[in-house]
Amino acid sequence: MEYTNNYVIVAIFIGLGILLPVVALTVGRWLRPSKPTEIKQSTYESGNEPVGVGQVRFNIRYYLFALMFVIFDVETVFLYPWAVAYQQLGLFVLVEMLIFVALLLIGLIYAWKKKVLKWNSI
Amino acid sequence: MSPISNIQPLQWADLATLAPELTLVIAAILLSLLDLFLPRKINRDVLGVLSLVSVLVSLAFVISKMVSMGASADPAFTAHAIQLLGQSYRVDDFANVFKIIFLSGTALILFMSLGSIREDEIQHKGEYYYLLLPAVLGAMIMASSGDLITLYVGLELLSITSYILVGMKKNDLKSNESAFKYIVLGSISSAFILYGMSFLYGMSGTTNLAGIAQMLSQHLVDFKVLIYVSFFLMFAGFAFKVAAAPFHVWAPDVYQGAPTPVTAFLAVVSKAAGFAILFRIFYNVFFPLGSEEYTYMRGDLTLSVLIVAALAMLIGNTAALRQRNVKRLLALSGVANAGYLLVPIGSFNLSNFSEFGFYLIAYLFMNIGALAVVMIVSRSSGNDEVSSFAGLYYRAPFTAVAMTIFILSFAGIPLTGGFMGKLFIALGAAQAKDYWIIAVMIITSVISLYYYFGIARQMYMRSIGEAFPIRIPAPLGITVWICAIATLFLGVMPNVIVDFINHYFSISFDLFIQMGS
Amino acid sequence: MGTWLQEPLTWTNFAIFLAWGVVFLFIVLGFVTYAIYFERKVIGWMQLRIGPNRVGPLGLFQTLADIFKLLIKEDTIPRKADRWLFILAPVITYVPSFAVLVVIPYTDSLYFTDLNVGLLYYGALSCISTIGIILAGWASNNKYSLLGGMRSAAQMISYEIPLVISVVGVILLNGSLSLRTIVNGQGDYFWQWNFLPQIIGFVVFIIAAVSELNRTPFDLPEAESELVAGYHVEYSGFRFAFFMLAEYVYVFAIASLTTVLFLGGWHAPFPFLTFIPGIIWFILKFMFCVFFLFWLRATMPRIRVDQLMSFGWKVLLPLSLINVFVTAIYVELFIK
Amino acid sequence: MANIPILTLITLSPLLGILILLFTPANKNRLIKTIGIATTFIPFILVIWMFLAYDYSEKGVAFEENLRWIHMPLNTEAYQGQVSSYFIQFNYHLAMDGISLLLVLLTAIVGVMAAFASVHIKKRWKTYFILFLLLEVGMFGVFMARDLFLFFLFFEVTLVATYFLIGIWGYVGREKAANKFLIYNGLGSALMLIAFTLLIATAGFQVDQSVAGQTHLSYSGDLATILQNLIQPSESSVVLSAGMQKTIFILLLVAFGIKLPIFPFHTWMLKVHNEAPPAVVMIHSGVLLKMGAYGLIRFGLFLFPQQTESWATVLAILGVINIIYGAVLALVQKEFKLVLAYSSISHMGVVLLGLSALNEIGLKGAMFQMISHGLISALFFLLVGSLYERTHTTRLDELGGLARSMPFMSGILLIAGLASLGLPGLSGFVGEFLSFLGLFSEMKVIAVVGTLGIILGAVYVLRGVLGITYGPMEDRYIGIRDARLIEAIPMMALTAFIVLLGVYPTIIIDPLQHSFEQFLQLIKVGG
Amino acid sequence: MSGMLGSYLMLAAILFCLGLYGALTKRSAVIVLLSIELMLNAVNLNLIAFSKYGVVPGLKGQIFSLFNMTIAAAEAAVGIAILIALYRNKGTANVDEFNEMKR
């Protein structure tokens, strides 16, 4: 069984995926006009003069959600192998995973109570 | 899929063995929920009391387990360890001794925090109380693990919780900053440990300590270089965790920035836990090496442990000379003490674990006691400078006397636990014929006299203008005196502890993890 | 197609793989072209409009014209932009969208690869697009873009979790991450398809998937009324086209994935209908999914950002976890 | 009589005072002083009684107490089945021989006198007397302990107590002095501890097979065991290599040399003499310095006779350097306390000389010199304390003609001076004479050079003493009064002892008779 | 396949060193945290290489790396949380300016 073949195809797909933008943009470069002006290249701000810096400080909420994501996403690292092997394992494994997920749920409740999940502005 | 069928799941019966750990887990969960749903106006000291209770319950479980195991053990020590989960978790007397140390240290810290932590210092007192539980749980897992994975999980449970605890003073810049330094350097050290572990795994194909030991000793010749590499990587990481020089740079900053009880936790429980795995891994994996023509290898490894020990003593003690902040000073003294504690690990002799355990216990009491005094003093003066001790003798004579006891113990003056511990360690090293390390130990203690007695000088020989008495919260006062009495007791009657350890502990059955079973 | 996978890797085989890849690429591009057309038509129809009808018969060449327009349009890169990231961002967004398609099985024999971690592969790669979007927002050095990018990131990561967990139920039932095995696990009666036993998971999956696509009602990152166009406000010409392309390729991917995971893939709804080839069934189901997505867009208003976040965390996530356990207990009781 | 633990009683009797003091209100100043002074009499009386009851022919065997204290088991797994127990053992072992007896006696006497002198202490009497009595416990213990661990313990007790006594009650420079004291002595005790550790781990090893089928291994700090193993090793004991012996000997030499003090390590002691309260200096100069010499005899000479022999010349040279250096510097000091400090260095040089003779006369001389110097310097500092009380200075250029306003104290000062310069008939003479006599038979040149120092001694003592008592008196000293009764009593008592020893030296030479016998035998055998 | 193993190990070593270098020298706190993740991932690579091409191939290495990922995530989460608190109080994420405590 040449299992590697699967990954060769994966590689081909990724390669094609990269190739398309490269080709398209290169072709586009030949076809499209290029007449840059100062105004064209300025930052768009609904037609007004840009104010302040573009890279504004964003809401702290974003970080909190990022943290939550990191924690819960990694949980799936355990859920997936568990789910795959589940049918071959005993009842105890169910209990163990139940405990594991219950702990995470407690984490969710914690975040909930601490108003982490409440979005209050942009 | 054969590997799956090899996994030995947890049995219901194992839960009884895990009672101490489970107590803490359940308590931590329930307390965190309680904290969430309890109305704001209820004082969170309730949670502190409950945490303390759960730690004590867990301690009771550990002791009863230890006693029952000791009773059932036949003379050949065969039934001395209970192994769970395919030998990845292991309840033996080595672990139990450490667990007792961790739990009693945590209990003292919790007790002294009760009523003495101010709301403006730590805003979420409830969190502080129940976060100590997973931290100590991590330490317990570390002491009990027989497998690299379990070990690492325990280590990180402890570390990550400690990072949070250090940053507990959310609005205090120092606390934030020290937490950040701690997490950066702590994670780097974890990475080192992990990197070393990965080589161990690579050489043996297993993460079980016994399996690794077996493979390494069988294929020593093939892996010579890798063994050194993994040893030094792991040792660097562990030296970080126990704050041994030259990997100690984080300690002063972190100790200074952390809330004082957390400092005590880091100085005692966290450090002890680091030593627990250091001991376990080195004795299981690295030091049994050196059959026949490769004895030099073990020599190299132990020598490097001793060198780090010597460096820690030298650097810790000399750097402490310049400190004006008590917590930084204690951090550096902690570095030196890490050096003392490394000596029994690096020198082979017949009593190293009891020496080590004894000194660790002595260190626990003197350190917690000293930090409790620091708490008392900084409550009244608002800072942690050495100069805030000025005239303490006039303002709180008994506390000053207790502090003197701790200082004497730190400095290694007889009739205190600290002296006894150092003496035992020195004698052990002498048995192993590592004479030079004795010299380093004792000479550096002389250097330490200067800064330890600097505190005494402030307390007795300096005075501040008005000598109004200091108000001491009862739990703090009691903690100080428990520690002082324990320190003296250890100095006068060291037999009690040493006999206890020696009665239960057996090197070959408690420290080394056997294959099979 | 599956048989080639068994053969040793030679240059000839490689060339065949490559050829099929290119063919597939064009199929996908064709799909995108006409999906856009179809979408406009459907929405027009639902809103009692006509939709595109000028370019070509029935407006069939409208999209082609659009593409050509984009191709010859001048391409500006703002002076303040982080040039390299700006160029890279659309590529990063697009490449995973195409690469995930490799694991989708269309019939029992028509598939490109049969990775044993297929589902995981899909989840892992689709996450990368988020990075492209954030990069685009950041590199434009524009307030709208940045906010759009951040919103998109927040939304995507919030819905990623329910999405990923909702399929755990399917994995539990089949004991495999290979999509082909998962389809084979579903029977020829439609009630044997996963969407009924896994109804909670299915609903969560659909909602989360729509959100992942950044489509209405979850199209906040590109909310025209607030953020002008979100993260791609500074993009023009073909660079912009790649963001659109990525979005529609993901429509393709999600529709196929839904079909595969929950709608029985190439299986017929009843055994007596098996005489119709699997590929037809697949395409039917697939078309239905695509249509459903367009339908949603025409029907639903955009929801508020706070509603969006709390819905993801407070409803979908607990639901998907519950689903996992209900399924596990079901498997424990009835299957093992 | 043997049932009474007399040694423990002597050692720990000051603790009784401490206990009483703990429950005395801190503001009852007279009561505290009374308790403090009274407590020092208990050991004093006990020691006198013991001194009289001491049976020279029995070598003080009657006075020995040995209790098991710290018993630290070691792991026996390595020897499974062969060894039934394996442990480290430290005993509470006190004993008495001639050397100890004399020094304990000295301690008791100086202790009482210093307690009297403590009336000058101005503040915090309670803490002061607690520490003072603790110091006394330590000193008794040091001289009686026959276990290395116990010895070290008592040694450190004196260290800590003295540190606080200097640091809290000293003069302006007290903190620096206390620190210097601490660091030097800490270093000394550290070296000592290293030496002891090595000794315990090697010579302290013992195999006990007395019960059939049971082997008991032990490491012990017991001096008798170590002596046995070093001098007459059995086949089971660890034989120390020559290098090891040398290392340990040098470590001990430096450790006790700091305490003694031997020339390059002496600077700390000047500070202490200058800054500590006089009552503490009495103890310090009178007794604590002797601990160095005692340690050198007990652990250096007795345990390592061969090493001592080969190092005798070095010791002698060091002694001479001490004598000359001390004497020369004493000559040029302007501060009387420093004159005394340097004279102490000089006199301790004599002790070293006596020891390095390695014959009976020399050793006895050294011991005698220790006792005598203890008494004399105690007397000196008693006087200094009283003097400072009145004049608030002890600088020679600011003092003079005090004989007129305080004849009694001046007289005593003169006697002390004469004793110090070695006038026959006073105690100082006997010690110096015997020491030099002993050395003359061994190393003539060195002895001659040493004698020169003694001549210098006469000059600086007289310069100092006469400068204070005679000459022009400054006006501000006119009104000052002579000694009060509470000051006069200890002065007279000390003077009496000095005279007694001068005219009747055998009273303390006799007890020494047997103490050196074994050592001298070994020297002869080895030589 | 041992050549394979060697190159993986080398790659892991390079990544580890890069991470270490970044963690110790970079000025931006976020990059410091990222560098640490890089170190941890280098270890994961090592483990997986060993589990595939090692002397004794087996699944344990992969299991180990799963645990590592989780732990690394938790660590990163806490690290970012602490950094946010610090940033709120201090107003900068520049490591060089974290010098509140006396040397």
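Which chain is which? They are A, B, C, D and E, in the order written, and residues in each are numbered from 1.
Just so we're on the same page, a contact is a pair of C-beta atoms (placed from the backbone, for glycine too) under 8 Å apart; a residue touches a chain by one contact, two chains touch by 3 or more.
Chain-to-protein mapping (UniProt): A = NADH-quinone oxidoreductase subunit A; B = NADH-quinone oxidoreductase subunit N; C = NADH-quinone oxidoreductase subunit H; D = NADH-quinone oxidoreductase subunit M; E = NADH-quinone oxidoreductase subunit K.
Here the structure is a predicted model, which means the values were calculated and not measured.
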{"item": "Mutual neighbours - chains that touch subunit B and subunit E alike", "value": "A"}
{"item": "Separation of subunit C from subunit B in steps, with touching chains one step apart", "value": "2"}
{"item": "Furthest chain, CA centroid comparison against subunit B", "value": "C"}
{"item": "Distance-to-centre winner among chains (Cα means, whole assembly as reference)", "value": "B"}
{"item": "Among all chain pairs, the one with the most C-beta contacts", "value": "A-C"}
{"item": "Distance-maximising chain from subunit E - centres being C-alpha averages", "value": "D"}
{"item": "Whole-Å separation of chain centres (CA-atom averages), subunit A against subunit B", "value": "40"}
{"item": "Separation of mean Cα positions, subunit C and subunit A [Å, integer]", "value": "14"}
{"item": "Distance between chain centroids, defined by C-alpha means - subunit A, subunit E (Å)", "value": "20"}
{"item": "Distance between chain centroids, defined by C-alpha means - subunit A, subunit D (Å)", "value": "80"}
{"item": "Touching two or more other chains - residue numbers and ranges from subunit D", "value": "none"}
{"item": "Touching two or more other chains - residues of subunit E", "value": "74, 81"}
{"item": "Complete list of chain pairs which touch one another", "value": "A-B, A-C, A-E, B-D, B-E"}
{"item": "Subunit A-facing residues of subunit E, complex", "value": "66, 69-70, 73-74, 76-77, 80-81, 84, 88"}
{"item": "Touching residues (chain side subunit A, partner subunit C) in the complex", "value": "1-2, 4-10, 12-14, 16-18, 20-22, 24-25, 27-29, 31-36, 40-46, 50, 54-56, 58-59, 61-62, 65-66, 68-69, 72-73, 75-76, 79-80, 83-88, 91, 94, 97-98, 101, 104-105, 108, 111-112, 117-120, 122"}
{"item": "Footprint of subunit A on subunit B - complex, ascending", "value": "1, 4-5, 7, 9-12, 29, 32-33, 36-37"}
{"item": "Partner subunit E, residues of subunit A touching it in the complex", "value": "60, 63, 66-67, 70-71, 73-75, 77-78, 81"}
{"item": "Subunit A residues touching subunit B - in the complex, by the definition given at the top", "value": "85, 88-90, 92-93, 96, 103, 106, 109-110, 113-114"}
